[in-house]
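One structure is given here, and the rest of the page talks about it.
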Amino acid sequence: MAFKGALVIDTEKCKGCAVCITGCPQDPKCIGLSKKVNAKGYNYLEMVNEEACIGCASCAVICPDGVIEVYRAKC
Amino acid sequence: MAFKGALVIDTEKCKGCAVCITGCPQDPKCIGLSKKVNAKGYNYLEMVNEEACIGCASCAVICPDGVIEVYRAKC
Amino acid sequence: MTEEIIIAGFGGQGVLSMGKILAYAGIMQDKEVSWLPSYGPEMRGGTSNVTVILSDERICSPYLNQFDTAIILNQQSMDKFESAVKPGGLLIYDPNGITHHPTRKDINIYQVAAADKASELGISKLFNMIVLGGFLKVKPLVTPEMLHKGLEKSLPERHHHLIPKNEEAVEIGKGLLTPYHTL
Amino acid sequence: MTEEIIIAGFGGQGVLSMGKILAYAGIMQDKEVSWLPSYGPEMRGGTSNVTVILSDERICSPYLNQFDTAIILNQQSMDKFESAVKPGGLLIYDPNGITHHPTRKDINIYQVAAADKASELGISKLFNMIVLGGFLKVKPLVTPEMLHKGLEKSLPERHHHLIPKNEEAVEIGKGLLTPYHTL
Amino acid sequence: MTREDIIKPENLVYKRTPVLTDATMHYCPGCGHGVVHRIIAEVIEEMGIQDNVIGISPVGCSVLAYNYFDVDFVEAAHGRAPACASAIKRLRPETFVFSYQGDGDLASIGCAEVVHACNRGENITMIFINNGIYGMTGGQMAPTTLEGMETVTCPYGRDPKIMGHTMRLTEMLAQLPGTYYVTRQAVYTPAAARKCKKAIRQAFENQKLNKGVSFVEVTSNCNSGWKMTPVQANKWMEENTLKYFPLGDMKVDGKFDPKFIERVGTFDQPNETIFSLRKK
Amino acid sequence: MTREDIIKPENLVYKRTPVLTDATMHYCPGCGHGVVHRIIAEVIEEMGIQDNVIGISPVGCSVLAYNYFDVDFVEAAHGRAPACASAIKRLRPETFVFSYQGDGDLASIGCAEVVHACNRGENITMIFINNGIYGMTGGQMAPTTLEGMETVTCPYGRDPKIMGHTMRLTEMLAQLPGTYYVTRQAVYTPAAARKCKKAIRQAFENQKLNKGVSFVEVTSNCNSGWKMTPVQANKWMEENTLKYFPLGDMKVDGKFDPKFIERVGTFDQPNETIFSLRKK
Amino acid sequence: MAKQLVLMKGNQAIAEAAIRCGCDGYFGYPITPQSEVLEHLMAERPYLTTGMVVLQAESELASINMVYAGAAAGKRVMTSSSSPGFSLMQEGLSYIAGAELPALCVNVVRGGPGLGTIQPSQSDYFQTTKGGGHGDYRLITLAPASVQEMYDFVELGFDLAFKYRNPVAILSDGVIGQVMEKVMVDDYKPRWTNEYIEENCPWAATGHRSTGKHRIVTSLELEALKQEAINDRIQAKYRKCEEEDARYEAIQCDDAEYVFVAYGSAARICMKSVELARAEGIKVGLIRPITLWPFPTKAVKEIGGRMKKILSVEMNAGQMIEDVKLAVDCKVPVEHYGRYGGVIPTPVEILDALKKMVK
Amino acid sequence: MAKQLVLMKGNQAIAEAAIRCGCDGYFGYPITPQSEVLEHLMAERPYLTTGMVVLQAESELASINMVYAGAAAGKRVMTSSSSPGFSLMQEGLSYIAGAELPALCVNVVRGGPGLGTIQPSQSDYFQTTKGGGHGDYRLITLAPASVQEMYDFVELGFDLAFKYRNPVAILSDGVIGQVMEKVMVDDYKPRWTNEYIEENCPWAATGHRSTGKHRIVTSLELEALKQEAINDRIQAKYRKCEEEDARYEAIQCDDAEYVFVAYGSAARICMKSVELARAEGIKVGLIRPITLWPFPTKAVKEIGGRMKKILSVEMNAGQMIEDVKLAVDCKVPVEHYGRYGGVIPTPVEILDALKKMVK
């Protein structure tokens, strides 16, 4: 399956709040929290279902910390 | 003509504001300001048309200084 | 020369502006002046007074307890200020509404029946100028020219056409002055 | 006997309540105690620390810059408090998330890998009790009975059924204690 | 019948209430404060609560109200009467508590306190004298000053672009769930004064129900500040003030008056009659 | 297409705006303050006004907002941001001025200042973050705390009989002639956040018209204060907060939204759903 | 059940003491580092037990005016706040003093000026002792140095407030407010009954005119001479208070050659410095003013007068030092050592300051 | 058109000076006895001429915070009030000092405490000079004794405010505010242009980031050590100000054996008392502090140090006397003579007090 969207996640800025995940329209969600923690001790965001991402930026627009950069292929 | 109403005016308390006069329903008005002044320098209220008074107390209820006592004959 | 004056009466009698005209006239004669009102619009309907000082020297205290002249326009002010006139000083008053006339024997006392005159002439707004005339008759502190200039300064431009009427009232006041008790 | 302790970590790691249990246990042994948190809920998500003093005498200053013991639960706290341990003193830390391990050679240093253990056992809420166990292993300042009483005092009644679990966690901590550098 | 025949105790229809003291009020001739004082005192007399009431006077012309009512009184700091009344009622729930404030006191500096006392639904009576000006300090603009009206701090008329709009705070308070009775009254005619008395009576009676704030605005005059005679002032008020501040109930027994809801619906419309009140 | 193929400048659809500084915000994970900050910064970027804007931060969790926006900022005393914004806009009418306040700051201690800035029709943008609690000081009750909701100063739930009612100040401000645009938004879903951004953009654009206050309330969460995870908190907000604080415009271009007028008509009715929010 | 030993924060002790000593009402607004006062009260809900009213007000302005009014109605009422909030209360405090009302106001100080920091400080000494509000008045000021004193000074504060019909301040700081220590708490005392108040507070506007005439509580007197007479009466009270109620603690002063003067948490820290200094052979003592106003002038004059030098240790840029100098008539050199802006000095640095002064 | 002689009230002189010296904004709330400041401005409408903003705020709280913000934006802004209103400004003043902003705040004092009286007083000396608000800060305080000084001190006040980036108070009273005297007024000076501000006030949040980075005006610093560093900087300014900007006037002190220390209208009255005393052969002089903070310590020490006795004459219950004593190291006996609560002492009664002190 071809990628439509992709994220660049600033994992060190992420606070693992998970609100972006609730915003993702895909089922299953493209994104999830890592088991690993960053320097601040938070389980940061990572892509768990990379190929499903449509680059809609819904995750990014509700991230309180501006962690997510979104790219979308022009079709 | 018989009296219906009568006033007792505490002339020393009167400030000569004349609002009571506007409140009197009679035409001509029963009450008016005296040419004389009281100790505070105010032209105080007096009856000018005593027999017309019907004792309605309209003057009294808008007197800011509680100057007027009203009596009305029970007919 | 230093003249320390209190003018006192009801609010609305023109006490403050009488003082202001004196002060302006003083300035025109290059005097030091000070005009200190009893303030307190917070106290409605009370008495009003103003202390005016005209002097050739720097004025120390604008607040005074004793005066060369007291100009008195109601009973309350009489009660308060009769005793504040310096021995040998001057008290001028309008007898209208005065129930207890002044009793001091060590000062000069004059009457100006300005209220009656003003209502007689229908110029009750100029009542204070009549009183001022009485005072200037006794103490010609400012010349008529300076008084004119003082009126120009203290009245707003749109009232300047009333200056002659004011000056007439002053003259009337001079005529009304009556000694009550003089030393 | 006076023991001056700093406990420091992230907010939410149970730093304050660990200190509180110690303080209550101290009281049960008739000691003077003092428990002073770094406050500042106004600063979200920062570090949190508490100074606990147990003493047989009147405690002078509840605020200290040097400590007999530092119990350290994150890197920021390590950076801040390693140097604040008195020479010959004690530093206990959880290596989880620590990138720069302590380097002092004049103090005793122990590790308690409490975070890993707690998540392994699914008792992450009791993380702080595991750490406390490690500390009590080195310095048995309070007896198990007093600790029990301390828990009774510091936990709300509705949580009293959890006391045995807390005590177990303390025991686990004792077992986890590993010397890192001892004098 | 002669005058002497009539003036007999059994014919008495109106008499100064003994709940007012003998002191002559310091208000300017014709000032509405006096009328409202009298009305409140009469209500206290009629309800028989003279020995169970605490009044709170504001900073404003009515600061000395405590000298005129023969009931216990506390003088509050400028704007804080609602906070004072709240505390007193909570600490002494057995007493009737009323606050009395001017428009500078209540709507300007004391805006937060009145909004919050109303929002808390304190079981008190609030009297609000809206005379469109700061009387006591010599006639400065109040939040309620009409647009175009002159005062010593807007001597060329209130310009809403610079000085803000004429504020109808009472309308806003009516919308707080904590208010139980909200009305606007006046005292410029005998009829108005009689209605006002009914309203104030209601506002006191409500304290027995413990349902929240009873709020009575009285649009009033300030002859000195407006620089008019009392009679002119009352006329002027009728012709100008009452257009923007219409009389009547806004909320009765915790329910909106239907006319009031209609009015609220128009509050977005700019005030068409930017009053051209400049005196010539 | 691989991930690498997509991540190219020409495919960028969303990027952190440079109007935000690099500083990590001190907010708790998932706090709505961060989202609103981002949105405001994006609007400033899109309008190209980064060099012509002054922000006013409050006392509250967002006190440090000045560290996160790369625009000039003034930190105001607790509750006084509207007074600050008023002065700055009048002294510097060439700049875009916005205030940013929490519900304790705006609706409680700062009630008078916000009412009066709105009444004066200051030509500014006001952002109001209503999270129903005092976040910064550790979760105390705010005027906007829902009835029944628990906070550290109402640990048994807010009891309106004692602690006052849940306050809808925005509804009251909408009725002042000085407000030109008044709306309630949220940021708990992507759709809500996008709408909120439109509203905030509008609120800034309006400053060009010089027609009065543009006021945007954002109902938000306080995970720490509510003692919930961010995801729980957003859900809880949807289920509880938004019932009492419905989203939508109240006043647009100086005109009421018809639905808003309807709602006002019901403000006399006691809040039927005394929320039973006590956690088990 | 009589006295009881508990572990609590200074702020909680304030609240607990209020409930137990029969306080009628608390009105306050949250602010760090004192929010636990209101929080403890709201958790305890004394309105269900003792009948004490507790209200989170909309602001400090509202709080202090609620206290003003509550006191006017004869009730024992209080508030608490921290520095910026206390600044907002200055008009109200002046009103309370002017109307001669009893009230208790707690300031758990943090570093200023402005929003400053939330860390502990003593930089509100001037504000509290000299008159932060307008007019000639004083706050009777108690400076607790332990959680126990936080507890004890609530009742003491009310007693002094009613003795003088004057506001009393408890001037604490973030350390004493936040620290948990052991406290002996008293049994619950009943609140004053309304009958008791009618009898003992004839000045109070209780609503019941039980003195036979209406009672007026006001701080207004438009006639200057009458206002002066009121001020004379107030000043006379202050002279009496200076005479009767200045308090202090003297620690190891008998043989001392030097003395620290310090209050509150600075005094706590100085106790340690005294220990350290004496261990090094420096004979130093500590005078701890307990009332900051009235300042224990006599004691400082008497004890301080014997010293070679005095070090005023304050968590501020130098405020109490003026009162220390005036107390000793500038006859003994007085120096100041202070940290501020929320920084707490350590015992060692105070010792160092002492050593520097000594040589 | 250059200087011009006019007759005006002290309050009007404040307003007129503001317009003429290029003030950018006035924010105030009415209160007796200073309402003429706002009234004069509203009558003059400088917003139509110089562009100065004039706004009647909803309260003193709003006023002072408008001043805070206006100053933060680099503008020359001011407010005025009288005692109770000034008390409400204490938090704001502390913020202005804490954020290191320039601003001018006029207090035309009336008698307190509380609502008190509206008559003149000097009972806010402590509040103004020691810190009515919280935290370690000072108000630079100018005490005019004539209408001319009311006028002059507006521009001087702004100059000092900008020199030190600190709030400046003009501490006047009802006499000086209400009296009309002759004043020389200056020609209109232009207001600072925005360009000038960008260049000279790099600290100001003008909105334009012209320094290349965003500018933040705040008084918050959560880290204590950083907050202490800010305080250090502020304290250093204060030391500099004490050094450079203490002002006073000495009248007939050269041959004096006694001296009055008095400011503002009390000083005016004392001038008369000096005359009267000298007429009776008592060699008395007058030191008139013009800055109350910084107090002219050196001058008082130097001149006062030569005297047999010093009489601190104040329209209050004794406030400045502390600074006088500290200035002379308590080496010369200092007594206080005061009337208060709105009572103005007469020259004669001051003379009597002097005579009593002399013998």
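Letters A, B, C, D, E, F, G and H name the chains as they come in the text, with residue numbers starting at 1 for each one.
Convention: a contact is a pair of C-beta atoms (placed from the backbone, for glycine too) under 8 Å apart; a residue touches a chain by one contact, two chains touch by 3 or more.
The structure displayed is predicted, hence computed values, not measured ones.
**Q** Would you mind checking the shortest number of contact hops between subunit E and subunit G?
**A** The distance in steps between these two chains is 1.
**Q** Ignoring subunit F, which chains remain connected to each other?
**A** Once subunit F drops out of the picture, we keep one piece.
**Q** Just to be sure I understand: going only through chains that touch, what's the smallest number of steps from subunit A to subunit F?
**A** Counted as steps through touching chains, the separation is 1.
**Q** Highest contact-pair count belongs to which two chains?
**A** G-H
**Q** How many angstrom lie between the CA centroids of subunit D and subunit F, rounded to a whole number?
**A** 40
**Q** Just the number, please: Cα centre separation of subunit G and subunit H in whole Å.
**A** Inter-chain centre distance comes to 29 Å.
**Q** Provide the C-alpha centroid distance between subunit B and subunit D, rounded to the nearest whole angstrom.
**A** Centre-to-centre distance between subunit B and subunit D: 87 Å.
**Q** Distance from the CA centroid of subunit B to that of subunit F, rounded to the nearest Å?
**A** Here subunit B and subunit F have centroids separated by 60 Å.
**Q** Please output the residue numbers of subunit F that touch at least 2 other chains, ranges allowed.
**A** Expected reply: 27-29, 31, 63, 75, 77, 108-109, 111-112, 116, 136-138, 143, 163.
**Q** Of all the residues in subunit A, which ones touch at least 2 other chains?
**A** Within subunit A, residues 15 contact more than one other chain.
**Q** Quick one: which residues in subunit H touch 2 or more of the other chains?
**A** 32, 55, 58-59, 61, 84, 91, 95, 99, 114-115, 118-119, 218-220, 222, 344
**Q** Mind pulling up the subunit H residues that touch subunit F in the complex?
**A** For this pair, the touching residues of subunit H are 24-25, 27, 53, 55, 57-59, 61-63, 65-70, 72-73, 75, 77, 91-92, 95, 99, 194, 205-210, 213-220.
**Q** How about subunit F: which of its residues touch subunit G in the complex?
**A** Spelled out, the residues of subunit F in touch with subunit G are 59, 63, 75, 77-79, 104, 108-109, 111, 134, 136-138, 140-141, 143, 152-156, 162-163.
**Q** Which stretch or stretches of subunit G touch subunit D in the complex?
**A** Counting only subunit G, the residues touching subunit D are 5, 7, 32-33, 118-120, 174-175, 178-182, 265, 268-269, 271-272, 275, 344, 346-348.
**Q** Please name which positions on subunit G make contact with subunit F in the complex.
**A** Touching subunit F: residues 29-32, 35, 38-39, 42-43, 45, 47, 55-56, 58-61, 84, 114-115 of subunit G.
**Q** Under the definition above, what is the set of subunit E residues touching subunit B in their complex?
**A** My answer: residues 1-3, 5-8, 10-17, 20, 24-25, 27-35, 37-38, 187-190, 193-194, 197, 223, 229-231, 234.
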